[in-house]
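Across the two complexes that follow, chain A remains constant while its partner is chain B and subsequently chain C.
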Partner chain A sequence: MNTFIQLMISGIAIGLIYALAALGVVIVYKATKVLNLAPGGLLLIAAYLAWMFLVQFEFPVPLAIIAAIAASAIIGWIVERVTLRPLIGQPILASIILTDMIWFFFRGSTFLFWGGNPRMFPAWLAGRPTVLIGKIGVPEIMIWCIIISILTIIALMAYFKFTRSGLAMRVTAEDVIVAENLGIKITRVFSNTWIICLLLFLITAYFVGAMQGISQDLDFIGVYGVIVALLGGLESFPGAIIAGLVIGIVQSMVGGYLAGVLGGGIAETAPFIVMFFMSFWRPYGFLGLERIERI
Partner chain B sequence: MLVLNNIEVKYQNVILVLRGVTIEVPEGQIVSLLGANGAGKSTTLKAISGMLYPEEGKVTDGSIEYNGVRIDGLRTKAIVDMGIVQIMEGRRTLEQLTAEENLVAGAIGRNPTRGELKKDIDKIYEFFPRLKDVRNQIAGYLSGGEQQQLVVGRGLMSRPKLMLLDETSLGLAPMLVKEIYNIIERLNKEEKISLLVVEQNARAALKIADYGYVMENGRVVLDDTGPKLLENEDIKEFYMGLTEVGEKKSYKTIKHYKRRKRWLG
Partner chain C sequence: MKGRPCGVFDVRYSQDRAILRTKTHWALFILFLIFLFTIPIFLKGHLLSLGIIIGTTMIAMFGAQVMVGYTMQITLGHAGFVGFGAYVSALLTHHLGWNFFFALPMAGLGAALYGLIIGTSTVRCKGLYMVIPTISAHFIFFYLVNEVFKKWTFGSEGIQCATPVLFGFAFNTDFRYFYLVAILTVIMGLAAKNLVRTKTGRAFVAIRDNDIAAEVMGIDIYRYKLLAFAIGNFYAGIGGALWAHYVTYINTEFFPILDTVYYVAFLIVGGLGSIMGAVFAAIFWRVLGEGVNYVAPILDNIMAGTGGNIVSSMGLITFAVVTMLFLIFEPRGIAHRWELFKQSYRLHPFNY
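Presenting the complex of A and B:
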């Protein structure tokens, strides 16, 4: 039973990480209709930037975090402005393939600037102790991960519900032509979505980096992000969160109970197996957007 | 106020849709634009509001002037900021948003203060009392009439001086059409908004119009003051289906489309 709860908690933590990465994909997809295949690369660059300010430059912690946020936001803005905006009006496939190239561009540049050796976040982040809840040992970082992920999701919802730029984003997501017609600056909405996307990846990067260390292998989390987004229905925030949790928990459980029987790789394969069977049951994902039909 | 001077519009550089359209909307007046499907009415409105480019259309000749400034070639955002808003065809509500969010969306472009926004929304509710009752409902579930009111209200939120209405009466019950047109007339009188109204419902549009244009095949073929157009025999016959009572119809007059071709071709 203890093992089960332990696996459950780590599953939820991992699942929320996937959910955050997936939300980045979903937000970009909703507003711009571009399926963002780049989270791998963007997550890497965010992780290395976070590491750079914390360890390489030895900024004080709050300053390092603020600097990483600013740098990620700028990267998000540049990605939209330089690569995707010129492609507005071109076939959407061009943009999608471009995001794929963005992935490899950033992956390559992390090798260029920081080399291939794994890096570690400082001990206050990466070396958190395991705390005991009752008789169950839980890594403290996972608890933080769960708390901060949930707060981020709430903040994101509030942003969409209560701010004007959030509303502009929802309007654009629903109907670009109407948004244009109402005098909403669509290009600004597009860059805002990429900035938010990058900030979500940054949060993801902090936790993944703290749990697994930073190396170029992290971009796998980004791949999971895309899969979770697809599984959730690509247009649905709750869908992405549910799908993230499902994948996280499945992975954790499979890793905990089946890895001994089926070999270590099964935990990494499990999400894809889930995805495979899901596509029979609900090809449009858990919560593909429900279009309103009046009867 | 708004002058279209002999404009020509091409889609994708090949399809010539408007071939020399000249229209004027004087300040404070209601001008209606009539015509059959494919006559180029909507294209004319899109040319004014800068909404041609999503369909790869372009004003290739002539000029569009608003208060003496050329606006052809400007982006929609700039044109909305100048005070021209188009209410698009087909009730394009933002279905997943609530009615009130729809209204707020109409004002985002000019970034009003909270107080202004509140005041503007209240004013819309005054014109469309029904919307106040459904303010927190998801717009997609509103009835057709409510959605149409919502879309007009959303356009008003940008505080336009000139409104372009595209087929506002489409698919509405006659009573609702009347209601909407009453409100449109009030907007013109009370808010001093000039209107360019595209309609297939000729009677509804001409009743409130100071001036009217009839388009066919990308040209203006007839223009006159509203009351005179209402009396025009051809208009009566082609757009309202009226013929003189008691007169024996000949084969030719029954076949409307045949005469129509001769008249406008």
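Presenting the complex of A and C:
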């Protein structure tokens, strides 16, 4: 039973990380109708930027975090401005491949600037102890991860609900032409979505980096982020969160109980097997919009 | 009618249907074949092996073109399918002692079968969401090789692939292997070119353009989507098997997720929806990769001590930037430029 709860908590923590990455994909898809396959690369660059300010430049902690936020926001803005804006109105395949290439570009950049050696966050972040809740040992970082993820999701919801730019984003997601007629500056909305997307990846990157260390393998989390977004339904925030939790828990449970029987790789593969069968049952994801098509 | 040379008029249907319509076409085609079969005499070592790799990539690329360019079933698992073919052939020759030339078609059929299993998801899944089953196919392939069939595939240790032997004649040098690859590439290329002109090919194009309209017109879209998966992956399997028996040693590291993206990305760079596009795509990809491999160590020497890792970053960055530039400035690919060139050549003295 203790193992079960332990696996459950780590599953929820991993699942929320996936959910945050997936939210980045969902936000971009809702506003710009571009399937963002770049989270791998964006997550990597966010993680390395966070590491650079914290460890390489040895900024004081609050300043390092603010600097990382600013740098990620700038990268999000540049990505939208330079690569995606010329592709508005192009076929979907072009934008998919373009976002893929953004992934490769940033993966390459991290190799170029920081090399292939794994990096570690400082001890106050990466070396947190395991705390005991009752008799169950839980890494403290996972508890923080769960708390901060939930707070981030609440903050995001509040942003969409209560601010003007959040409202503009919701209108744009509903209908671009209506939004334009209402005097909303579409291009600014697009930039905002990419900036928010990058900030979500930055939060993800802090926690993933603290749990697993920073290396180029982190982009795997990004691949899961895309898959989770697709599984939850590309148009749905709750869907992404549910799907993230499902995938995280499945992965953690399968890794905990079945790895001995089915081999160590099953933990990484189980989400994909689930996903493959899910594409028969609910091809539009859990809560995705089922399109009614006409000729 | 696009692409008709000046002053050439068809008087029979057979002329209208022919792939090689004029005497110039025939002459160029024969010249091309002569060029293809004499070039290995002049090429040395490295370039010859580049040629072989271009050939095997091209075969797999034809498959990607059938799936993505003609039927618009977005596939992000092509490297997995290529690897599947490679492993089928490797296992058959290694454990059962089959001749490569029997294992090769089986590799194609095995990959096609795997593609069919994955393709069953097209019954409800379409458009963007096809990313899910195909990318799953890639990772399930990894799992199958590294865990489930570890006893036979030796997991990550990799497996040896025997050199092909036909009637006692071993294709054990680059020079000999080049001819094998060249002949197969030409045959597979012509087959693909022909396929897309048949009823099946027209059905594929109809599904690509609008699958609901295609269904209304009486095309069994599920059947044809499955067929596209089977054919595309047959090509992938053949390409993979040929490649595997050239490098003679494979493990799953050779089929990374990056490659599946490159297959689709360079297809767009080459040009979607034409067999020439696949040809350009394969050549462009491999030549660019070779150029990067050549330049990266030099740059690494010049910029030594900056702490970065240029050798592993150059390829990614170059490929990404080149593909982005193509997507932004020439989304219709090299094949489109090629068509424009042919057009202006045919009409040469005039503008139209």
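Throughout what follows, the second predicted complex is superposed on the first by the 288 of 295 C-alpha atoms of A that agree within 3 Å, B and C clash if a C-alpha of one lies under 4 Å from a C-alpha of the other, contacts with A are read in each partner's own complex, and residues count from 1 in each chain.
One rule holds in what follows: a residue touches a chain if its C-beta (ideal position, glycine included) is under 8 Å from a C-beta of that chain, and two chains touch if they have at least 3 such contacts.
Since this is a predicted model, take the numbers as computed values, not measurements.
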Chain B and chain C placed together on chain A: clash or fit? fit
Practice prompt. Answer with first, second, both or neither: which of chain B and chain C does A:Ile177 touch in the superposed model?
Written response: first
Vertex chain A, Cα centroids of chain B and chain C as endpoints: angle rounded to a multiple of 10 degrees is 90
>> Once chain A of both complexes is superposed, is A:Ala123 in touch with chain B (first), chain C (second), both, or neither?
In response: neither
- Between chain B (first) and chain C (second), which does A:Leu132 come into contact with in this model arrangement: first, second, both, or neither? neither
Regarding the shared-chain residue A:Lys185, is it in contact with chain B (first), chain C (second), both, or neither?
first
### Message
Going by the contact rule set out at the top, does A:Ala168 touch chain B (first), chain C (second), both, or neither?
### Response
first
(message) I'd like to know which partner A:Phe111 touches here: chain B for first, chain C for second, both or neither.
(response) second
Chosen between chain B and chain C, the partner touching more chain A residues is C
For chain B relative to chain C post-fit, closest CA-CA distance rounded to the angstrom comes to 18
Overlap of the chain B and chain C interfaces on chain A comprises residues 294
Per the touch rule above, chain A residues touching chain B in the complex are 164, 167-168, 170-171, 174-185, 291-292, 294
So, in the complex, the side of chain B touching chain A is made of residues 49, 51, 54, 76-77, 80-81, 85-86, 88, 92, 94-97, 101, 104-106, 108-111, 138, 140-141, 143, 154-155, 158
Contacts from chain C onto chain A in the complex sit at residues 68, 72, 74, 118, 120-121, 123-129, 131-133, 135-137, 139-140, 142-143, 146-148, 150, 210, 212-213, 216, 257-258, 261, 264-265, 268, 272, 307-310, 312-317, 319-321, 323-324, 327-328, 331
Contacts from chain A onto chain C in the complex sit at residues 35, 37, 83, 86-87, 90-94, 96-98, 100-102, 104-105, 107-116, 223, 226-227, 230-231, 234, 262-266, 268-269, 272-273, 275-276, 278-280, 283-285, 293-295
